[in-house]
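Below are two complexes that have subunit A in common, paired first with subunit B and then with subunit C.
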Partner chain A sequence: MDGLAAYVVRRLLFLPVTLLIVSFATFCITRWGPGDPISVYSGQYRDPEAFERVRHQYGLDRSIPEQYGIWLKDVVLHGDFGPSFRFRDRDIPEIIGPKIWVSFRLSIYAFFLTFLIGIPIGVIAAVKQGSWLDPFLISVFLFFQSVPALVTVPIMVLIFAAKLHWLPPGGFDGMFSTSMVIPTLALSLPGIAGIARLARATTLGTLGADFVRTARAKGIAEFDVITRHVVRNSVVPVMTTVVGLSLVGLIEGALFTETLLGINGIGRFAFESVNTRDYNVVLAIVLLGATAFVFANLLVDLALVVVDPRIRAGRPQ
Partner chain B sequence: MSSKLTIAAGAVAAGLIIVLAVVLILVVGGGGGGDKGSATGDTRTPTTSPADNGPAGSGELRLRGPDPLVLDPAVAQDADSATYIVEIFSGLVRLDRDLKVQPDLAASWDVSPDGKTYTFHLNPKATFHDGRPVTAEDIKYSFQRALAPETASVVAENFLGDIAGAKDVSRGRATEISGLKVIDDQTISLTLDQPKAYFLYKLTYPTAFVVDQRQIQANPKRWTQKPNGTGPFKLKEWRLGERIVLEAYNNNVLGAPKLQKITFELQGGSALVDYQDGNIDATGVGLDDLQRVQDPSDKLHAEYQQAPRMSIDYIGFNTTTKPFDDPKVRQAFAMAVDRQKIAEVVLQGAAPIANGILMPGVPGHTDDDKTLPYDPARAKQLLSESKYGSDIGQVTLALSGAGATAGPYDEALVQMWRDNLGVDVQIQQAESGTFFQDIDQGRYQMFHIGWIMDYPDPEDVLDVLFYSKSRQNSTRYTNPEIDAKLERARVEQDTEKRLTIYRDVEKQLLNDAAWIPMFFDTAHVLVKPYVKNFVVPPLVVERYRDVEVTR
Partner chain C sequence: MTTAIGGEAEVYAELEAEPRRAASPTGRTLRRLLRKKLAVACLVVIAIFYAAGIFAPLLAPHGYSEQNLDLSFSGPSVDHPFGTDRLGRDMLSRNMYAARTTVVVTLATVLAGGFVLPLGLGLLAGYRPGAIDWAINRAGEVLSSLPALPMLLLINASLRTRFVDLVSWFEDRIHYHGLTSSGFADYFLIFSALSLFGWVGGMRLIRTQVLTLRSAEYVLAAEASGAGTWRIISRHLLPNVMPLVLVGVSASLGAVAGSEIALTFLGVGIQPPHPSFGALITDGASRTVLENHPQLLLVPASIVASLIFAFNLLGDALNDVITPGAR
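Coming up: the complex of A and B.
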């Protein structure tokens, strides 16, 4: 496995380069854009001279490359991501850490549910191709995919919270509480159709393969043919890729669901931070997302090696 | 308190759900009428009887609370943060729930005959939460810290800048406020640059609250997570974005609060559902549920209260750009708006029509309607008499928000201008990040916005927003006659004469149509019957001290 280890090291060595590029781009985009955090923060107090003094205090009156240099130095040498212009009492990791943790726990059921429902639905649809079941299943889940959280969440709140009082109207009380039901449904239902269609397509592709015919010819039970030969060879590798990308979604949070249910997750917070020009917070969230993306992709590559022996990491195929 | 980016349009939910901010949804705020507090002319105010430290309170109040940004009184300027700051900290003087200036850490004060020097006598019973007595040096430290450039406060100069030499500190030219003198441990005097009738009000604002020097120097970055304040409640727990718990400080200078504990949940879905489920003891009511709770046959009706807020929703004109540099065009636009109809149809009676600029409770407010009447025929005539005739070119109304549609309120305005004047007004929505800045820079022709009073004095709206050299003059209104009157009112020591000047200024501004005043803000709340003395004051002032929960 020397080749694999070298591959991982090489990929990880690229991480700082990636982050440097992402951070510089984000830094410039946020600071060049219209508006500035001091002005937004001041609300109805419009005192340009006071704004200037505060900007100077934060070094916002320096040139962008100079500001970036200072920021980079603080991050690298002190692990300090700079001040939040809104939450002045706290450090940035302290502000976003709990929110990421909330979003992560909020979406973890949905993450598994999407695959646990989506993959079997797709495989069943493929196997039952030509019967009524195939278009029926796909249509049902396409319907859920087409209805955004902006619609499903208020309807679920209206029925289950306001009318029936079975569930709380929002908030987050931990993973083992009824407050998880609405967000889990809202976050998983739209994703199922996508996974199901992908699983259906790859299954169909494999169903006609020679080794499947051979397996059937050997007299293996149809159920075993599907689960051992078809799914293992087609669905799993493709899904691994999708899972990797979805992993990033776990820490990015869900803007609409979090907003509508009054949950202080990172999705909603990132949106607020952009709106209020809290530059350093936006930057920290973007960098975290980029890091997660790099690691998720790495994990996917490694997982593929495990599930598909034909793939050799780091070597052209 | 301000920084409410909203009033005219708070955009939640990715800007797709427009909250009509005329209806205040959060349970924040302060109480009733209130006139001029203590007039500056008289000397020595009576020492109220503080601290007959009655029996400590019991009971817990559970509320949904806004998410505060900072709990440092020197830098906070948003209503959400102030909600907690006014309970945890306190200053020399306070506004009570009726917005009268009352003794707090200072038991009494004298004003010099020229109205320029205030001498405060601290209450010997005033202590920090850790029991240490509050001294004049603490006041001095707190004021100087608030002004110091390193503190980076955008509001410090606004509220402390009237003290002689304060601006030298905020601009880094001095470290000591020359107009502030510590006479002894219990006595401090403040000398102003000019006699200002509203000065005591400014001291009721968080910027002038007392903080603990020892704590801040020992822990400069994190002290606000467990601040050693002087207010009636201690901060027991602050979990960012989740929960804030306040606990009674029984040795508060004005006596022990009647509550033992207040829990604010900072997150959650529909507060009304939570209220009905009995998880919270009071909640604000949004526009969507208002009709229901106002219906006497609804079971929630008995728990419903409404209270006026000292803020106003208005349409502002940029009086220096085409076509609104001609007062006739402004008057025409004002007279073409049927506010009665918007009140009934769109707002469903949630907020009273503004009968002027000064809100009820602000000294100088009168009950008669001082605004231009709805008169489409006259409006049309005025427009044709204007220097632009009926060809006024492109007109755009700017709003804060990011929704797919602007919402029925602004759509109704556009419709009325089209029907009554034949003018097609475009709506431009700007996200809050640029809205205020664009107004500062005069980029809009007219804008829909609000103003929230910081203290109950007409100066805080008429002078701050319409004095030609004011930095906050967003309409760019310039009128030498009004400037002269405003300057006179600032230093006028006779309350009645002063208010007469302000009423006159208000009338003139309305006739000149610098604004179209739309609605006064109103808070709508539901309070459980077992909660006593729960009021929503018109401003964010300390308000939970007297609340009792008898569950």
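Coming up: the complex of A and C.
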């Protein structure tokens, strides 16, 4: 396990470097742009003296490297991400915490549904290679991948909410309500094709392996050969490649579903924060996203070592 | 999609058809691709879309901003086959000009980043292990850990005006004002930023392929006979990674067409009055329009979805063609 420990330490040591680069780049992009939060909130007819005073109070009149230094010191020493300009008396974690919780619950079904549908579809397509079923299944899900969420969500709302009155037209009432149906479909359908294609490719590789032939020669039923021997070996590479990526995909998909369905989650909030130049909130969200991505990938790598001892950490396959 | 036996027959047919010519990997890939009916159908759809876009100024029956308020929200007719929108603008013409926007955006993005960046960096990282490989991979890790969409919004919000200022300053110098007035400057920035986030996956694919090829005998032989880095990359490695690049480009063209819709919906993509599928779909998706005139959403949505679908299917077919064992 020495190599594994060293690998984890190396990855974790690189995380602060990543975050430092990401935060500096994001910081510069936000502050260098035209307009600042104070001019957004003070509106068109403002008192120049008060405007300058507030800017000075928030340190926005200093140079960009100087502002970054102050921000970095507060984050590292006090865990303080600076003030939000829009919600003045609240800490940033306190503002974005509940919104992340909403988005998390909104996308959790979609995350598992993508794998639960994608992997069997890919395996079936591979097993049925050469028949019409293989291209048909892949094409169907490639079609779902091709229709933008901007089209599917309004159409689903029109049919299921406005015409049939089966589902609410938007909003979020917790994980166990009908308000989950449309977001879950909108978030999971586009991702299935990618997983299915990958699962198909790895399954095709496994199907030709010697141990599969041995299993068949022993007289094991074809269904058991596929489920016990093939699937177990082809799911692992699928998980490595896509868990991190689908996490990012969900965050981006959430931005649209949340905006279109009027749900108060982190995706929509990020969009609003960029538009109102709420710098510190945007920075916190970007850093949180980057950290989550790095940790998700690390956890997947570790899980893979547990699942498949042949894989040496850091050098899959 | 052929059976295993059909696949073998294909190989024999190919051997007989071209006994002498040493086929380049790209040529071989393309010839195999053209034997697939589905792939040819996709190419036809893509060709029609691109032709409609490129020749929109010649073919479109009306201008994209020509209004006729008497004909607001009229249904399909001989004069307006796809009907008209709220301002009585001809939807057929607007869809054609939207296709034109998609043509420009996809080509520009792929040329800027979808093609050159992953190819160049992948070749470099694969062939030059050590510091260069390390640096390229760490840069890729940092970029892929960023949430791309919020970053694009941020880049747009902060840098667009600066960039447009820069372009018009440059235009004043060269006494040519087509770049800003055509809206080019507006979306150039956002789509080059898009390719900045899009190269990592392709780079990794190509790097892995190059790592395998590097120890191939013909590369070792070339090295032994004193060929330089540039010669090995351009003559020996590049032709063999081109099929992979084709797969990547086909997939990313579809993705770029989709991103245009997403970005325009969020207000950072193509700016009005220029028509684009993002703008048409955003207009058509509003509740009242969708309930009373569903064709205003369904027509542009099905056109652009069939383009993206064609690119995705084509990418899948190409992938099948180049993956040994999956044919």
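Please note the rule applied: the second predicted complex is superposed on the first by the 286 of 317 C-alpha atoms of A that agree within 3 Å, B and C clash if a C-alpha of one lies under 4 Å from a C-alpha of the other, contacts with A are read in each partner's own complex, and residues count from 1 in each chain.
Please note the rule applied: a contact is a pair of C-beta atoms (placed from the backbone, for glycine too) under 8 Å apart; a residue touches a chain by one contact, two chains touch by 3 or more.
Fair warning: this is a prediction, and the values are worked out from it, not measured in the lab.
Trainee: With both complexes superposed on chain A, which partner does A:Phe256 reach: first (subunit B), second (subunit C), both or neither?
Mentor: It touches subunit B and subunit C both.
Trainee: Pick one for A:Gly43: touches subunit B only (first), subunit C only (second), both, or neither.
Mentor: first
Trainee: According to the stated criteria, A:Gly130 is in contact with first (subunit B), second (subunit C), both, or neither; which is it?
Mentor: After superposition on chain A, A:Gly130 lies in contact with subunit C alone.
Trainee: Is A:Phe24 contacted by the first partner subunit B, the second partner subunit C, both or neither?
Mentor: neither
Trainee: Can you give me the overlap between the subunit B contact set and the subunit C contact set on subunit A?
Mentor: Common to the two interfaces on subunit A: residues 34, 150, 157, 162, 255-256, 260, 271, 275, 277.
Trainee: Which bits of subunit A are touching subunit C when the two form their complex?
Mentor: 14, 18, 21-22, 26, 29-30, 32-34, 130, 134-135, 138-139, 142-143, 145-148, 150-151, 154-155, 157-158, 162, 193, 197, 201, 204-205, 208, 248, 251-252, 255-256, 260, 270-271, 274-275, 277, 282, 285-286, 289-290, 293-294
Trainee: Would you mind writing out the residues of subunit A in touch with subunit B in their complex?
Mentor: Interface residues on the subunit A side: 34-36, 38-51, 53-54, 56-58, 86-91, 94-95, 98-99, 150, 157, 161-162, 165, 168-172, 255-256, 259-264, 269, 271, 275-277.
Trainee: What residues of subunit C sit close enough to touch subunit A in their complex?
Mentor: For subunit C paired with subunit A, touching residues are 1-4, 38, 138, 141-142, 144-151, 153-155, 157-159, 161-162, 254, 258, 261-262, 265-266, 278, 281-282, 285, 287, 290-291, 294, 297, 301, 304-306, 308-309, 312-313, 316, 319, 323, 325-326.
Trainee: For subunit B, which residues count as touching subunit A in their complex?
Mentor: Its residues touching subunit A are 2-5, 12-14, 16, 67, 69-72, 75, 77-78, 149-150, 152-155, 157-158, 170-171, 221-222, 224-225, 239-242, 265-270, 273-274, 277, 431-434, 436-437, 439-440, 451-452, 471-472, 474.
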